[in-house]
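The two complexes that follow have chain A in common; it is paired with chain B in the first and with chain C in the second.
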Partner chain A sequence: MLYQRYIEIGRVCYIRLGEHAGKTCVVVDMVDQKHLLVDGPMSGVPRSTIRLNQVAITDLKIAIPRGCKTNKVRVELTKADISTKFAKTSLSKKAEAKKDKAGLGDFERFKLRVAKTT
Partner chain B sequence: VNSSTTKQWYQRRVAITAGRQVPVQKSPRFYPTEDVKRPLTNRRKVKPTKLRSSIKPGTVLILLAGAHRGKRVIFLKQLPSGLLLVTGPYKINGVPLRRVDQAYVIATSTVVEIPAIANDKLTDAMFKRKAKPTKNEREMFIENTSEEPKISAERIALQKEVDAVVVPAVKKVEMLPSYLRSKFTLTKGQFPHQLKF
Partner chain C sequence: SSGINAEWPLRPGGKPLSKTNEKTPIYKMRIFAPDEVVAKSRFWYFLRQLKKVRKVNGEILRLTEVSEKSPTKIKNFGIWVRYDSRSGSHNMYREYRDVMTTGAVTQCYRDMAARHRARAHSIQIMKVAEVKASDCRRSTVQQMHNSKIKFPLPHRILKYNKKSIFVAERPSTMQ
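== the complex of A and B ==
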């Protein structure tokens, strides 16, 4: 198999770019070759269309019918406990580390630089 | 003229002038031919530049311009002129007691705990550049052979006095002296608007 993860109904995705960058969402339907209908009731992503390139696929998947309502998505997300599962993924950990690095002050950056070279 | 009517007239005049109102400033008898321009009233009160909320005594600042650009210094206080008084400290990075404009400075979030320095000599007058004596035509071609030292002994003494308070406070914080010794630079992928100081 060329790819391990597929964009499919119920696939949990991580939004890389755009207004909701950094949040996870679930694929509810496909609009066309480049757009998805996503929903993230637990992570604060409203039900909306999104471009495929704004999104990164995760390993996680939930069982929902195509085009189902937001409440159904919420129920299935809590049943599968996606939020804790996602926090364990390396993608989530890398995003956290990147956020921490961006929040460093000038002195902390200096200390980090010294620690790296020693 | 009948004396009784004059008296009556006089009495009447007194009664009239008793209640009369005369302006203190009378309108002028003479007006210039062209309107005389008067400057507009200026009621502006000069205040020292508003100090950024991120700058507090003991804050580490990054100098952005001048001979010491890139160096990190300790902020002491704002002088009445609005300029900031900073020190390297001199022994650590070679920046003496110096005045610096707020606009040419980045304030970092690092603050060193310094006891308040109350020194009468730390004023604008102390740091103002001395005007060179103007030479007349004859003296212009004679080289200045005065033996005046570049930095006055008074300044050196003041520097030692202030740094005696600042340096121990700096040494208390781990890695701070080497941090002040280093210069601020931007490396690849670093953009000032994305950096947090």
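== the complex of A and C ==
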């Protein structure tokens, strides 16, 4: 298949921008070509609409009916164990690495520079 | 964004509503406006057109913001609009998909501005109603009525990487 990842009901997405940046959520419904109705009960994302360009699609997907309730989303997420599966994805690892790098102090940055040049 | 306000004014008399005066008519309107100030202004604007009453002779009894009953349910909205173009006045029926009524009306105003260069002052929202999916008339709305809807994001161009304007290799646009 040319396209592996689709925007579809049940697709797990990673929020790149906005108030809930860095969290994952599940596509519950689609408003239009640019907006999704999204819910992330396990990651603290309230059921809300979000723009498509705020979001990155992951490989993970759960089976939920269109527009289902938050509780059902929570049940399906725990059943599929999305949180551990997502932690293994490269997207998650890169986000972690970026966060660690941003949290470095001056001395740590010096040590990093030295380590890179040797 | 717009908020809905329902307003109740008092008719000419100039006096505040007293319990004994039962004959004074009360009018209520559903106004879409970004804030209270504009809401009141538009209320008087419409009321003047419909009834022989002016702001000076009336009194607003209540101004309340009506909140959305189901803010997490996606709905199809049919909006009946009247707008003034450069050469005349026209009626329109437009459809939008949104989670809130006020969101759909906001979309309508933006859409009218974009497609018809109609400014807010020349637009009158006559009616807003939630429309069942089977009754929708516009294809852009109908195309989302698919319980197994899915689409890829081919050739995804993201704007976030402002640092790298010049790069050695073309960026990957796979989602």
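To be clear about the criterion, the second predicted complex is superposed on the first by the 117 of 118 C-alpha atoms of A that agree within 3 Å, B and C clash if a C-alpha of one lies under 4 Å from a C-alpha of the other, contacts with A are read in each partner's own complex, and residues count from 1 in each chain.
The definition used in the following text is that a residue touches a chain if its C-beta (ideal position, glycine included) is under 8 Å from a C-beta of that chain, and two chains touch if they have at least 3 such contacts.
Owing to the predicted nature of the structure, the values given are computational and were not obtained by experimental measurement.
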{"item": "Touched partner set for A:G105, first chain B, second chain C, both or neither", "value": "first"}
{"item": "Contacts of A:R66 with chain B and chain C, given as first, second, both or neither", "value": "second"}
{"item": "Touched partner set for A:V31, first chain B, second chain C, both or neither", "value": "second"}
{"item": "Partner chain in contact with A:Y3 - chain B first, chain C second, else both or neither", "value": "second"}
{"item": "First (chain B), second (chain C), both or neither touched by A:L52", "value": "second"}
{"item": "Most chain A residues touched (candidates chain B, chain C)", "value": "C"}
{"item": "Chain B/chain C common contact set on chain A", "value": "none"}
{"item": "Chain A - residues contacting chain B, complex", "value": "102-107, 110-111, 114"}
{"item": "Touching residues on chain B, where the partner in the complex is chain A", "value": "60, 62, 72, 108-110, 175-176, 178-179, 182, 184, 194-197"}
{"item": "Residues of chain A defined as touching chain C within the complex", "value": "3, 5-9, 16-17, 29-32, 37, 47-49, 52-53, 56-57, 65-67"}
{"item": "Chain C residues touching chain A - in the complex, by the definition given at the top", "value": "72-74, 97-99, 140, 144, 147-154, 158-160, 175"}
